[in-house]
Every structure is written in structure tokens, then in C-alpha cells.
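Some structures are shown below for you to check.
One chain, chain A, links the two complexes that follow: it is found with chain B in the first and with chain C in the second.
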Partner chain A sequence: METAVLKETFMDKTNKKLGVNPEDALVSKVYLSLAFILLLVGGTLGLLQGLNRAGLLQLPVWLNYYQILTAHGILLVVAFTTLFMTGYFYAGVSHTLGGLTSKARKFAWSALASLLVGTVMIMTTVVMGEASVMYTFYPPMQASPWFYIGLVFLALGIWLAGTGVFVNAASWKKANRGQKLPLFSFFAVGGYLLLILGSLGITAEVLMLIPWAFGWTETVNVMLSRTLFWAFGHTAVNVWYLVAVSAWYVAIPKIIGGKTFSDVLARVVVILSVILNVPGGFHHQIIDPGITQSVKFMHVFMSLSIALPSLLTAFAMFAIFERAGRKKGATGLLGWFKKLPWKDVRFLAPMIAMITFIPAGAGGIAQTNNQLNQTVHNSLWVVGHFHLTVGVTVALTFFGIAYWLIPYLSKRVMTARLNKLGLIQTWLWAIGMLFMSGSMHWVGLLGSPRRTSFSTYGDNATALSWDPYLMFLGIGGTLLFAGVVLMVYIVFHLMFRAPKGHTEFPIAEEEENASPTPKWTERWGLWIVLAIAVISMGYVIPIVDMIVNAPPGSPGFKTW
Partner chain B sequence: MRQAMYGLVLYVFLMLPPVANLAESVMTIHMHMQMPLFVIAGMLMTPFLKQQFPRFFAKWNSNGVPGIILFMIVVIYWMIPRTMDEALTIQAIEIFKFISLPFLAGVPLRDSWKKIRLVGKNIIFVTLSVICGFMAWLYIFSPEQLCNNYLIVEQITLGWAFLFLALSIMIYFVQQFFVDRSECE
Partner chain C sequence: MKMHRAEEIWLIISVSVLVLSMVVTGYQTFAQGMGPPSNMETIDPQKVDEHELFSEPGVYKTGENQYEVVMTLQIFSFTPGDIEIPAGAEVTFTMTSKDVVHGFQIAGTNVNAMVMPGHIQKITETFDEPGEYLILCNEYCGAGHQAMATTITVK
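Entry: the complex of A and B
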């Protein structure tokens, strides 16, 4: 134990003296720069969509609403998040494990190449008007085969990035026998593991779609494709959430001057997320025909089980806040609330992200119910929901991370002015999303459909009654776009212009009297096997049914 | 003691007629959910039983081999398609299922697992995954309906479930060679 403590302080000192290894920093800086460039592109497309839905902007024929919608979805939900996750996790792995191995760096660069090739192929087909299939690319809508091949490269990139982290963690374990993997790296391993498990489904789907898109096979099994898509789609969203959660557990306590609430609890949250997540995809199909009622019923439980780790996190976060506040002299039941550093953007952004997760998570739970889902399923309500989860909880946490991660990587410091700018950005984002997501939720309940360009449906009275809300959607979208521009400015300022200096990578310490973390938390073999078991429990019965009792299958349609 | 209580509650819950009916209505759930849960219920009750009858376990299962053989016999017995049919149609066989899986499979498994040597455990892992693989082949490719009570499509589903089970056991078995067990236990 003595040597372990000595080693850590030694590592701390070297980290402080030398800072981040320039080669590792380059990996993360390139990933993060690309992520925020894509945020700018995707955000611009989002603005165009918002203005179109508000009825203020007529889009040209050569770049119509559905092309923009597809690009916006893929760029922000898949590309921005994956790039950010990789940049962030590699930086943290490098920091907590004393540098990346050269093998891991090679994996990171090849992953980047693959991700870029994939994104370029996808975007080219979308811009050419060959793939207006939304980011869910449900068959029987048929995109150009190169769109699907681009998706294969995206999946490959994810696997390569994940393998790099696994290889690095394994070599660290070998060199540090008997020590537990630092919590940050534990999150990274769990996050990539979950993403890889989820991407197996989409890979299978895309391998079915490619021959169909080339015309080598005539028909495709629509139900099966949708099921395989959501095995990924749902998991991916939860992976982004897990990335955000990692910062809540690891960085936030340090930023607010507190300590980790419980190392074990955080690890259990990661393990549960890995084991339980993939079958949750079914609740996205809860009103699909062709899935029996009993299977849907079972999946309500499978979906709700994912709420458990989220509730554990909520508990831990409040405990961290309260303890940190009381240490600063807070009294009374809620006195700690005032002691939180509200003027520090590194805290404010993720805090608003967390608060947003309360209505966002509740909305998610509502959607796992068959009847409630029927009310909202194809309406803008759903769009409002995932703009809260991914658009605020995840994105705003990512922004909050950027305020310390980027100066740490570029060996610069955040100035008071940038902090102020960050506060403005955060409030812009929060208010913009309040308008946009709020009006989407409301107008969705009134029946306004999602995935459709603006239309008054021949001046139908009901459709006209949506207009005031859609106007708010446009206003919110505009505020959000201003937020995107400001954020991208802040990011690149922190990367290239901010004053030189030392920024710490905030890693929370455990409480002095914390109980030691049991070693079973690192039985990854067991967690993988349990995850496979849960996935088979969820999928074997319905998928065999979908294949064996399949209808004739569908030829491709080009609806645009 | 608490564990034994949980085991007992699970045991009684699984035997409640509506629960048992629901679990037995789908072939895969019958074999891969209800039956393993009975085994788990038995495993949870094992420490209590060992505490009550220490001499019995010491005498009959001193090195773990008799227990593990009993476990394998019972488990293989319940993998035979006909036994599932009989459990559904003959009340006595259903009762035998309720008794045999927890007490003749779950209890001896937990008692023996600590006692048998590593090579014994490896043999069990390999045997079980091979058997599951064989059952997968049988249930997926059999052109005949193997159980009177279940349709062919359910049979195929069960086959795939067996394949995943075989795969899971195999992955678990293989990963232990790469992971230093003293590190994580």
C-alpha cells in the first residue's frame, strides 16, 4: 500500500511539472476540434430546420428539409458525440494511467481515419440527395449503398477507439498489479464496452442493407432492421449519457471542492449500465406492429431497469453537493444549495445538464409505457425529449468539460472573461432549449408530427393552431445557434489564444474514511457474459419470431 | 439466513400457479428462465441447509464430485424435450421438477463448487457449453416438433437461446485464462 501512495504522488508531481504528454494531447485536441467543427455545421443545419418549422424559411429544392434533418441527426447524435467521447476519454486515460501507450495512440489515429472516412461518405450521399433517410435510416426507405458503407466505417472507428482504451487499460493493469483501475479509466472502459456491444446490432443491420441497396437482394426484413437499429440507437444515447456521468462523478466533486461520494457506487453504476442497456432499445418500438404484447410488456421492465443506475447517480450527486456545501459552512436543510459555485461555468454547465435530466428522464420513463407512447410517438414531443437528453444533459456536460479539458490540453488557462462568456453561453443554451424543447413537447401533445417539413396541411384549423408554438421553436433554435457559435469561439480561443499556464485535470479524491473498493468490480469477463445473457434474454425470442415468421420483405423506396 | 429467506421467497413465488403458468407458456422462458431460477433458489438456501446438516454434506459430498455429478444428471435430465412435456402434462413430474432443480441441482452445485479442484471446474464449463451447443443444434435444426406442447418456432427460439448460453459459458471459460483471478476476487 505504501508504494501505491508514493507512486501516486510521484505521478501527480510529474503530471503537474510536465503536464500532458504532447503526443497524447495532440490526439485529443484533433478529436475535440473536429467535434466542435461538426457542432458548428450541425448547429447551423439545426437553425435552418427550426426556422423552416416556424414557417419563416423556405428551403431550396437542392437542399431540402429532409437532407438537412438527416445530416443534423447524424452529425450531432453520432459524429459529434463519438468524436468528443474519444477525445475526452483518451485525454483522461492518458492522465489517469500516466500516458497513452504508443499502441493506444495508433488505435486512436486509425479510429479517427475510419470515423472521418465514414462521416465524409455519409455526408456526401446526403448532400447529393441520395440518402434523405433520417439518422434512423429505417428501411424500406433506401439510401445509396455508400451511405451504409459509411456507417460501417463509423462502427469500425468505434471499435478501434474502444480497443485502444482496452489495450491501454490492460497494459496498465499488468504494470500495476493489485491496484484498481482509476475511476475515470473505469468509465472509459465501460463506455466503450457498451458502445461496442450496442454497435453489434447496427453492424448486422447494415450488412443486410448493403446488398439490398446495391440491388443484390431484392427485399429486406423491415421489422428486423428496425430492431437491430434500436439495439444500437438506444444504447448509443445511453453511452453519451454515461460519458457525461463520468464527468459528474470524477470532475464535478473536485470543481466544487468536495470529494467522491462513493467509488463503489460509481463503479456499480458503470457495471449496471453495461449489463442492462442494450435491450432497452425495444421501447423505441413499443407501438410497432409485429411484436407481441407479451414481449412489449417484458421490455417495459427491461427499459425501466435502466432508470436504476440513473437514480443511483442522482442520489450520489445530491450527496456530493450537500457534503461539499456543509464543509463550506452551510447550515439548515438546503443551505448547501447557496454554497455551490454558481458563478463557475465548469460547474454551472454540468449542473444545468443534471437538473435538465430530471424532466428528461421522467419523459423517457413516460415513453416506455405503451399507452403514453401512443399519445406522443410520432409527434414533436419525442424530438423535444431527445433534445433535453442529448441536447442538454449530454451536450451541456460536454461543454462544461471543454472549459477545463481544452486549456489542460493546450497548456493554457481560462480567464475570467471567458468564464463570463461561458456563463452567458450556458444560459443562452438553457433558455433556448427551454423555448425550443418546451414548445416541441407542447405542440407534440397537440398533434404536430415529427420528421416533416413545415406545412399548414391546406390551412387545416388544427395545423394552424400549432403555429404559435412553432414560432417559439424557431426562437429557441435561434438562441441555440447563438449558443453554438459562442461555444465554438470559446473552444478555439481556449485552444489557441488563451494565456499560457497550467490547468488542472480535475480528478476527485475519495473521502478519508471511504471503504476500499471491492475487487469484484473489475471482473469484466463476468460483466460481459451477464450483458450477453441479458441481451439474449431480450432479443432471442422476438428476433427468432421476426425471422421465422417474416412477411415477404420489402423492396426499397425512395420517398424523396 | 437472509439469503435462505430470499431463496425461500423466490422458490415459493416461482411455484405460484399463475407465475408457473406464465413461465411455462413460452418454451424459452420455461427452460432458460424458470428452471435456472429454481436452481438459483436452491443455491440461495444452501448455506442454511449446510448449517443445519453439516454432517450430511461432509459425509456424502466430501470432495464435491458426487454433488457435481448429481447436478449434471439433473440438469441434463431437464434438457430432454420429453421431460418438459411431461412436466406440463403430469402433475407428479411437475412436482418433481420443483423439488429436483433446487434441491438436487442448486444445493449440490453450490456445495460442490468450492470443493472441486480447478480442473474439475474447467471440465464442467467445457461439458456444459458442449452440451448447450449440442442442444442448440438439436432444437434449431430438428425438422420435427420435439415437444407436444410447444410449436416449432418456439423450439427454434430455444435453440438460439442455447447457442447464446453455450457462447456465454465459453467466453467466461476462456476469459479466465487471460485474467488473473487473484486480482479481482
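Entry: the complex of A and C
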């Protein structure tokens, strides 16, 4: 026991001196490189979409709007995010637990293989025009069976990546009896746990769709499929958000020269997110038939409860900033604001990401209330909303992480020039999104629908009145595309070109007088049981209803 | 976990806002009948044409300035299209899809409902303002989705 602890601290020390070991670094470097390559592809498609919607670009016949929109959605909100999450979490687990176990590394590599096979299968069917069904693939639109099989590989990849982290955390706990799992790894365990819980729904759905797509079964239950999809779709974006939040709690305090606000609070945020999240899927079905108003109302409660961890986080962040600022001699009510390192991109990018979450989260709270949802559902408003949440809050935090994570992995350092480029990137992104998302919100309120290529509906006066806003959408999209290119340049520069040196993995320390973290925070079994209880509360009644009172099923259609 | 005074105040205020929003939503749904379209009837999606209602889509007068529009949605059209009704009419749209999932939205109003194969969806709106309104499909339904539109004219 004694020697085990000694060995650990020795490993910790060497780890800090020598930095990350090459084997662990390779895992994360490959994941992150692929993530940013996909960002470039997805961003390019985004530009084409933006220009088309602005009425500036007519896509050639061989490049259909819905085909590229399907690719854009899958590449960015599924593939980019999963790859980044895995690269980042494995790097942090390696750092905080004294290196990955060889078992965990094997899980990471096999997860990567599975994710790649899945992505290639999906993208091939999309490129061949066999799967222009959007990332939501609502039946009875029927894609090639290989599209759905690709999704199974994606789910498998997620489970493998999660299992690797669980196995590593468990072996660390065994070697460090009585010690609490470091906060970063706690986030990683919680994040994968939630993602796996969410992926159960989509897996069940896809297993129903595969035989249907092969023609072995004739019809499919449309409502049930949709509901199972959103159990995943909703949960996934909340996992991406939790990944971003992990950096806010763990890395940012260190970057601004402060301390962790409260280790317990951060863990409670993770636990609440895991327990409460999955039933939020229903807020994507508020104006569906076949779900009663009472069930929908219950789900207003379930969705709003998800706001709770974010409210805790909002408070914690401002507390961290204020304390750090005061330590640097700030006075007055808001003096700390000026003491923040605004010229340090490692702070600026995630800070703008956080600030963006204030209107984005408020918009989410508004649109989950049933009647308000009815005014915006499936309009461009919603696209504006998630380009703020996922496109800024998540993506810009990921960019902020890249500025230190990549040089940490490649044993290089960021230069003042790269920092400056990073600041430009951040402002390009913020302003581009302000234009694009702002005009999407506005024109959505006026009625312009999402997932619709440029259309005046036969020179209809109402539709024509949307055009000026759509022009701003195009301008914003162009700025964003410039931001994507700059970001990808910075990432690969930091990976292969920047000067050699040592970059720290920022992990904030606790305040000296912090109260100890209670043991119950690590009762994962209990959190899983509670999560399942909440999922049952949300799903049993409507799903039983959808199965028992199902109409005759639908045959498949290929309408594109 | 001990909390700061300021944190308690913050949580109490923000949670109160959430609760208040729920109360308003619940009141509008259950007391004022403004809940979201949630019709529970089902239909065989492959036999829409044989259905007692949907075999004859059209605009039906059901009462004093009350109308029912029985409508089918299919790629990439609404049947019936180019609807005309008098000002002040209360119109109930009764809809189903003959193929994939569609959306039914009237721009400039709060009429917005998902229309799925196998399900009959209903939504009611009173049209006080005369004019031509754009009806469009707001759920991606295939290659011609951007052309799936018609109008309702209030005279």
C-alpha cells in the first residue's frame, strides 16, 4: 500500500517533469487531428449552406443542399465533438491519473477504429446520395442500410472509449484507496456515463431500422423511432456541453491565476447532469401528435430541471473570476473584471463561450415551454439557438482548450504570434456567430423554416421579406468559415511547427480552506440507479403508449 | 456542501423564474386550452385514401363562421391548397401524412404542428386579419421540400 502510494507520487512527479508519455500523447494527437480535419470539412459545407440560403449561391446539380446539410450535421455535431471529447478526456485522464493503463490505450485505439469505420460508412452513403436524411434520419425516410450500420459502429466506438476511461479510473482507485478521483477524471467518467446512457435509445432504434432498411421487415413505428432518437440527440449535445464545462471548472481557474471554486459543487454538477438529462429529449417533440398534453407538460418540468446544474455553474464561474481578480488587487464591485487576462486566448475563447451561454441558455429555457416552442419549432430560430450552444459555447471552449492541450501533447509552446492569431480567431468566431445566429433567430421568429434550401415559394411576399436577414446569415457564415480555416491552421501549427518546449496541463488547485469532498460523490452505482429512475419516469408512460396504441407501421420512402 | 448567501439568493431567484414559467405554461395549457397540438387519433398510413375523413380532403363549414380543413400532406404538396376563408373564421386543420414526416406552419401565426404518417394531427386558429398567409412545410421531407407550400387567403 505504502509503496503503491509512493510509486504513484513518483509517477506523478516524473509525469510533470517529463510531460505526457509518447504513447498517451499519440492517442490524443490522432483523435484531435481528425476532429479538426472534420471541422474543416464540415465548416466548408456550412459556408456553402450559408451562401445558398442567402440566395448568393446556386448549388450544382451534383451537390444537393440536403446532402451537404446531412453531412454538416453529422460531421460537426456527432463526429467532431465525439473525437474531440475522446482526445481531450484521454489526455486529461492520462495527466491526472499518472498515465493511461495499457488496457485503456487499447480501448482508445479500438474505439477510434470503430468510430472511423462508422464515419466512413455513413459519409460514403451520404456522398453516394443514399442517405440524405439529416443527422436525425426520421423514418419513414429510408436510407441505405449501411448508413444505419455505420451508426452502430459509432455507438460501439462511444462505448469502447467510455469503457477505457472507466477501467482506467477503477484501476487508479484500486491503487489509491481512500483517495478521491481527481476532478478532471471525475468529469470524464460522468461524461462517458451520460453519453452511454443516451446512446441506448439510438441503438435500440437503429436495430429496428436495419432489418427494415434491408427489406426484412416491412414497416416501422415512426413515433417510437423518433422518440428513441431524441433520447440520444438531446443527451449528446448536453454531453458536449459537459465536456466544455469540465474545462471551465478545471482549467480556467488555473489559467487566470485563481483556485477551484468548490470541488464538491463541480462534482454535484456532474452528478446532476448525469441523473437529470436524458428525458430532455422530449422537448424536441412538443408539437408532435401522439403524445398527450399532460405528458408534454410533465416534460416541461423534466427539461427545466436540466437548467439547475447550469445555474450552479454560472454562479461558480463568476465567483472564481471575482476571487482571482481580488487576489490581483481589484477593488470595487466590478474591478475584478478588468483584471481578467483578456489578451490571453486560453482565457478569452472559453470566456466568450461562457458569456454566450447566458442568452443561449435563456433561449433554451424559453423554447422548452410548450406554447413558446410552438412559435419557433423547426424555424431557423432553432438553428440559431444551437449554433450558440454547440457552435459557440461548446466549439469555442474546445478551441480554447486546443491552445494549451495541443502544445502540451506535442511538447511545444504557443508563441505570442499564435496567441494573437488565436485572439483574431476568437473575435471572428464571435462576430460571425453574432451575425449568423442573430439573423437566424430573427428570421426564424418571422417564420423562415430550417432545413430548407433557398426558396421564395414562388415569389411569395412573406418569403421575400426574409431575404435581407438571410443575407446577414450568409455574411456571418463567411466570417465563420474564415474562423474555421484560421483555427485549423493554428491547431496544426501547434502540433507540428511551434517551437519545442514545455506546456503545462492547467489543473486548478483547491483553496487552502476548502471543505473536504464527501465520499458519497463517488457512489456511481447510486447515480446510475437514480438516472434510470428518472429515465423511467420520463419514458415509460409515453413509450408504452406509442407501442400499445401504435398505428399500422410505415413502409420506407426515398424522397430525395 | 455549504452555500454562500449570494449563491442562495441567485438560486432562489432563478429557480423562481423557472417555476413561474411552468405555471404560466400550465395555466395556458389546461385552463385556456392553448396547449400544443397533441391529437391522439391514429390512421393506417397506407390507407389514407380509404379513410372516412381523408378520402375527401377539403374545406368544410362546421358552424357559424367555423370551418374544418381536412388536409393530406404528401411530397411535396398540401391537399387542398389555395384555401379561402372569411375574416374572423375559426378554422380547425385536421391533417395526416401519406408518406414521410411533414411540418405544417402558417407564417405570421402560431400555427405550427408536426404531421406524421399514422397519426391524425389537429390545430385550430382564428383568422381575424384579412390577407394572404403563406403555408409551408417546415420539416425536411425530401428533394422538393423547399417547394412545399401553399396559401390561405382570409377575406
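To be clear about the criterion, the second predicted complex is superposed on the first by the 547 of 560 C-alpha atoms of A that agree within 3 Å, B and C clash if a C-alpha of one lies under 4 Å from a C-alpha of the other, contacts with A are read in each partner's own complex, and residues count from 1 in each chain.
Quick note on the criterion: a residue touches a chain if its C-beta (ideal position, glycine included) is under 8 Å from a C-beta of that chain, and two chains touch if they have at least 3 such contacts.
Quantities reported herein were computed from a predicted structural model and do not represent experimental measurements.
A.B. asks: According to the stated criteria, A:I541 is in contact with first (chain B), second (chain C), both, or neither; which is it?
C.D. replies: After superposition on chain A, A:I541 lies in contact with chain B alone.
A.B. asks: Give one of first, second, both or neither to describe whether A:I291 is in contact with chain B, with chain C, with both, or with none.
C.D. replies: A:I291: touches chain C, not chain B.
A.B. asks: After the superposition on A, what does A:V264 contact: first (chain B), second (chain C), both or neither?
C.D. replies: In the superposition, A:V264 touches chain C alone.
A.B. asks: May I ask you to decide whether A:F315 touches chain B, chain C, both, or neither, giving the answer as first, second, both or neither?
C.D. replies: second
A.B. asks: Quick one: name whichever of chain B and chain C touches more residues of chain A.
C.D. replies: Counting contacted residues of chain A, the larger count belongs to C.
A.B. asks: Tell me which partner A:S102 touches in the superposition: chain B (first), chain C (second), both or neither.
C.D. replies: Touch status of A:S102: no partner.
A.B. asks: Name the contact category of A:T462: first (chain B only), second (chain C only), both, or neither.
C.D. replies: Only chain C is touched by A:T462; chain B is not.
A.B. asks: According to the stated criteria, A:N549 is in contact with first (chain B), second (chain C), both, or neither; which is it?
C.D. replies: In the superposition, A:N549 touches chain B and chain C alike.
A.B. asks: With the two complexes superposed on chain A, say which partner A:N513 touches: chain B (first), chain C (second), both, or neither.
C.D. replies: A:N513: touches no partner chain.
A.B. asks: For chain A, what residues appear in both contact lists, the one with chain B and the one with chain C?
C.D. replies: 549
A.B. asks: Quick check: in the complex, which residue numbers of chain A touch chain B?
C.D. replies: So the residues of chain A touching chain B come out as 173, 177-178, 294, 519-526, 528-529, 532-533, 536-537, 540-541, 543-545, 548-549.
A.B. asks: Which of the residues in chain C come into contact with chain A in the complex?
C.D. replies: 1-2, 4, 6-7, 10-11, 14-15, 18, 21-22, 24-26, 28-30, 34-40, 42-47, 75, 99-101, 103, 105, 107-108, 110, 112-121, 132-134, 136-143, 145-147, 149, 151
A.B. asks: Please name which positions on chain A make contact with chain C in the complex.
C.D. replies: 64-66, 132, 134, 138, 140-141, 222-223, 226, 262, 264-265, 268, 285-293, 296-297, 300-301, 304, 307-308, 311-312, 314-315, 319, 365-366, 369-375, 377-379, 446-447, 449-455, 457-458, 460-463, 515, 549-555, 557, 559-560
A.B. asks: How about chain B: which of its residues touch chain A in the complex?
C.D. replies: 26, 28-29, 32-33, 153, 156-157, 160-161, 164-165, 167-169, 171-172, 175-176, 179-180, 183-185
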